[in-house]
Amino acid sequence: MISFESDYIAGAHPEVLKRLIETNLESLPGYGSDPYCESAKRKIRETIGMPEAEVYFLTGGTQTNAVVISTLLADYEGVIAAKTGHVSVHEAGAIEYTGHEVLEVPQKDGKIAAETLKEYLTVYYGDESHEHMTFPGMVYLSHPTEYGTLYTKAELESIAAVCREYKMSLYLDGARLAYGLMSHDTDLTLSDIARLCDVFYIGGTKVGALCGEAVVFTKGNMPKHFLTSVKKRGALMAKGRLLGVQFDALFTDDLYFRIGRHAIEMAEKMKEIFRKHDIPFFIQSPTNQQFVILENKWMEEIGQKVAYSFWEKLDEEHTVVRFATGWSTTDEDLKALEEAMETMNN
Amino acid sequence: MISFESDYIAGAHPEVLKRLIETNLESLPGYGSDPYCESAKRKIRETIGMPEAEVYFLTGGTQTNAVVISTLLADYEGVIAAKTGHVSVHEAGAIEYTGHEVLEVPQKDGKIAAETLKEYLTVYYGDESHEHMTFPGMVYLSHPTEYGTLYTKAELESIAAVCREYKMSLYLDGARLAYGLMSHDTDLTLSDIARLCDVFYIGGTKVGALCGEAVVFTKGNMPKHFLTSVKKRGALMAKGRLLGVQFDALFTDDLYFRIGRHAIEMAEKMKEIFRKHDIPFFIQSPTNQQFVILENKWMEEIGQKVAYSFWEKLDEEHTVVRFATGWSTTDEDLKALEEAMETMNN
Amino acid sequence: MISFESDYIAGAHPEVLKRLIETNLESLPGYGSDPYCESAKRKIRETIGMPEAEVYFLTGGTQTNAVVISTLLADYEGVIAAKTGHVSVHEAGAIEYTGHEVLEVPQKDGKIAAETLKEYLTVYYGDESHEHMTFPGMVYLSHPTEYGTLYTKAELESIAAVCREYKMSLYLDGARLAYGLMSHDTDLTLSDIARLCDVFYIGGTKVGALCGEAVVFTKGNMPKHFLTSVKKRGALMAKGRLLGVQFDALFTDDLYFRIGRHAIEMAEKMKEIFRKHDIPFFIQSPTNQQFVILENKWMEEIGQKVAYSFWEKLDEEHTVVRFATGWSTTDEDLKALEEAMETMNN
Amino acid sequence: MISFESDYIAGAHPEVLKRLIETNLESLPGYGSDPYCESAKRKIRETIGMPEAEVYFLTGGTQTNAVVISTLLADYEGVIAAKTGHVSVHEAGAIEYTGHEVLEVPQKDGKIAAETLKEYLTVYYGDESHEHMTFPGMVYLSHPTEYGTLYTKAELESIAAVCREYKMSLYLDGARLAYGLMSHDTDLTLSDIARLCDVFYIGGTKVGALCGEAVVFTKGNMPKHFLTSVKKRGALMAKGRLLGVQFDALFTDDLYFRIGRHAIEMAEKMKEIFRKHDIPFFIQSPTNQQFVILENKWMEEIGQKVAYSFWEKLDEEHTVVRFATGWSTTDEDLKALEEAMETMNN
């Protein structure tokens, strides 16, 4: 069936797969010490214009969040995140499993405001007994957020300023970074992110790789003996080449950005289809995930023609569902969506 | 200085101290296997009218919460608690340190409503991808709450019913249980608590002991080899007698309840003093902790005469402070408070 | 360079890669719920002749050990392993990271004897204060071991009997299982392993997959809500298909066993080469890893022609090195090894 | 019954108890911020002649080990300990519970030799893949050891030199420190220990306190926000005075050393009794714990007259048992022991 269920429904982007095939028979050392990992790291450093940045490849998003957060936080620290943040809700307690608290703060459309942070910190440090509470040691943002929304450059700068003032790391979860960077509605570049964040990751799994996320430490702050800490968390891949080759391909000929651009174009066309059929948007998303409100009776019928994701119940008669585009989304897919919509209107 | 800073400002209640002195020279086995631990457990079981209950002594409140919650939860479960719950805020991440998430829910006056729980669970289990989220495996209540408020019998029954429906344990943090039980404004008895909760603890540290909390498992649900799990968490006391002798004293001649009653009487008199001097209450508390709103200019002046605890800033000119009574609070203390108040009014 | 460095130097076996290519464009659900995972599980169940077995795919060996051990052990339990076991030495403390102790016992050639186990348990349970010590809750074996050696059927049966007597799980790490099963010197079949162990894993990473291990729970003992526990440990792959497709290929047309057989044949030829050149074996290994003793002066020279792994220093003048075969080892590779050896003898 | 079961069979030393009684009614701030904690810390600093040392009070030995080790180690590090060390065997996995590995090394009479350490480190760092193994970050010694034996000054200096060379912390578990310092057979002073170790603790529980251990950080190395980390581990006592007052008493008028001296005198007399009755010593212990070998038939009979601890089975007919002295051991107790021995000989 035509599927908009997620941006990880298909395998690898053909250019990624091609490189895996081409390099398959080479004898390479393990654990990330192969030349493809090196090459991919170099290309990423060049792309973000930061020759000194440290890059490390991990397998998936939850793993990356747990590894990065738990190795950068001090023992007495926790990580501030939006109440809707992936680390707060959808990781089955993976951060807590590392012994660290997620300090939830209010959000709007999936985003944290610098003012919210400031207020949290003022109350925290204003409390005479705050040593009995978890110290806020890091701010976690996702960009795009879990609702497909984006931080503006000004917003990220304000947040980064608060982080610097309170000596907290700023960490950006870029599971879908390509779709944020290529959005028609953003003024935030990859270089901005690299400059403002202490650490962020460039998501591969949701942008054309079979698996893999590239963590970038921008301030000489990669934890010492990071490989050992990664191994200790069961996150060190023996055939590290699998990650290296894929990211090498993603950062060759701008593939990462081309994938992002394609998915955004598909999403914009998709939005047109929804608008044309008067499907209300649950949230205004400028990225590849679109959240729309469907009447329950239509929801099921449409679901027999195209696949989407359940998001949440809105009320007794309406449900929020998510349609996502990705590298494999085609105009034919959109046509099928349009046809499904038309059935509904008849 | 006269102090209302907390209910743990003084040492042991004289009757507790007396027993420590009397038994000091006896040669006793360690780790809780002495006859005083046995006797104290028997007396607690008799007091709650539950001969089969299992009782275990630990040293402090945060430790008790961490040990109980982490040994009763399954790997994939977290504990639901009020956003203001002690485990949510004031334990420096002790629950997360055990690898479990605290699932915060909204509260009113420090209390969770059964409806709030129900709604949380409906949303959780209604989410098709809830297996990617921490399962709610236990409900944590404090009674009295962190704001000195109390659950009614009907409220606790409703919460217990939700817990049974969703197969979650109900755990009650009774750090200040005596003050809840002896409040003039409660219909909830110790037997009710034992009947409705799966596990609760009878706080000693804040009710006349030097240290010590008595955990009560009411449903044959004490975790297997609990001593080993306690030891593993660094919570097994070599001279377990220190806890046994103290609880044996607290449950002899109703001392635990007499301490509670005394502190409540002192608190009621204290409330009169506040009312007489038009000091507004931040919250209506029927227990030994009173939260009042002081103008900042008076706050400091009063603080030079009697000690209290900072609670939180209310606005630019007012602060919420806490005055607590305990076994050692005397009429002379209250007189000193009254005098401090009078100065203020002049 | 020709490499015998490990059995994970190359990418995927061509038949595995072919299936990844063929299925690449299919839209599939995530997290292991795709039909290839289902098919692979079914084929594994059929192969071991255990239709009720539960199968779960994880990414790598250390991860698998940590996930399996930490979800099967009770809070108060640890896992018994050989002092040379992978979990004891080469996982950077991954088991301890989950809060569980590895209880090391003496070994011979990488193997634990049933008598050793028995003695450990007799001393443990004979100690009156054993509740202050970690309970032994599981036995971890690797087969082949880290030294390439194998348990006989009788040995595994004896160990399994001890496990049953003491109510411990028996867990077999089969990172290189294919090479054990296809060894010329074994009487232990996959069915025997499935029958005798409570849980084991069929290694993919070292047997032709890019990544992936198949955990098999044989006694209806897969931990409840295992997916959630896996997610909590950062080990849930979004594109679970990557694991499913590969294992589906590995268990089609006996590929898993053909890979094993090929590597064993290559290893046997390799042993001939060593014997012919009077290279002493450090240990008698009937599997794909061969440990030989090289004079230091030759070690370096040979290393310029073929790659191997450093294992350990034997004395000032000799070093133990490992040569491994795998699916990609060819007769040409062996010829190169032979030539390197001949240079040495001249 | 007369008991030599352990050095924690009795309550508090009378001088300690007296101070608890005298200060009982004082209103004091909580969590270790009271003047008795301050005074005790000052006295300890003076006693060790190190005005800059940082002192922190915790409740028990296992707790202290877990808190100190887990806050001083880096994420990728473990602690080296003797195979017989308390942290290796008798703490139910408390160190592993904090996520850190105990790296066991061979011992003799409970002691680690500097050469053993050196060899361990040479092998570790000589292994090319040591980044896949836990880094040794600390050495744990107990003094007296679990067998009552003592390090000499030269031995501790050698070990400290190895620690400095390999940038590891040196941590000394002084649960029974007084008995080591007052032994007739030691040249190691408290000042030596403070100078050579990075951190050590002065045991209170086994030396006259109801509970309590004083951790001393000697190199400005107390972990930042230690109180928060202590709280996070459930180890922060609300009535910190209980620890402060006791240690203040123990370090007033040399009480700590007087207790040590008394127990050593009693132990020396006890040794005479054993020698006189030809009871063989399992180990030569110059401290308050004596390990002797009893024939099983006598063991039980003696056990009806005086209490001791089972240690381990020696062979079918003999058992090793421990007799310990402490502050409460009297000449009458020894007389009872002698009488029990005499019965045996008849």
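Each chain gets a letter, A, B, C and D, in the order it is written, and its residues are counted from 1.
Please note the rule applied: a residue touches a chain if its C-beta (ideal position, glycine included) is under 8 Å from a C-beta of that chain, and two chains touch if they have at least 3 such contacts.
Everything numeric here is computed off the predicted structure, so don't read it as measured data.
Counting C-beta pairs in contact across A-B and across A-C shows that the higher total falls to A-C.
Farthest chain from subunit C, judged by C-alpha centroids: B.
Distance between chain centres (mean CA atoms), subunit B to subunit C: 50 Å. Separation between the centroids of subunit A and subunit B, computed from CA atoms only, is 41 Å.
Rounded to whole angstrom, the centroid-to-centroid distance between subunit A and subunit C, based on C-alpha atoms, equals 34 Å. Shared interface positions of subunit B, defined as residues touching 2 or more other chains, are 76, 91-93, 97, 99, 131-134, 228-229, 231-232, 236.
Of all the residues in subunit A, the ones that touch subunit B in their complex are 76, 78, 89-93, 95-102, 104, 123, 126-129, 131-134, 310, 312-313.
Taken in their complex, subunit B has these residues touching subunit D: 1-3, 5-6, 8-12, 14, 17, 20-21, 23-30, 59-67, 91-94, 97, 205-206, 210-211, 228-229, 231-239, 241-242, 307, 328.
Chain contact summary for the complex, subunit C toward subunit B: residues 31, 70-71, 74-76, 99, 131-135, 223-225, 227-229, 231-232, 236.
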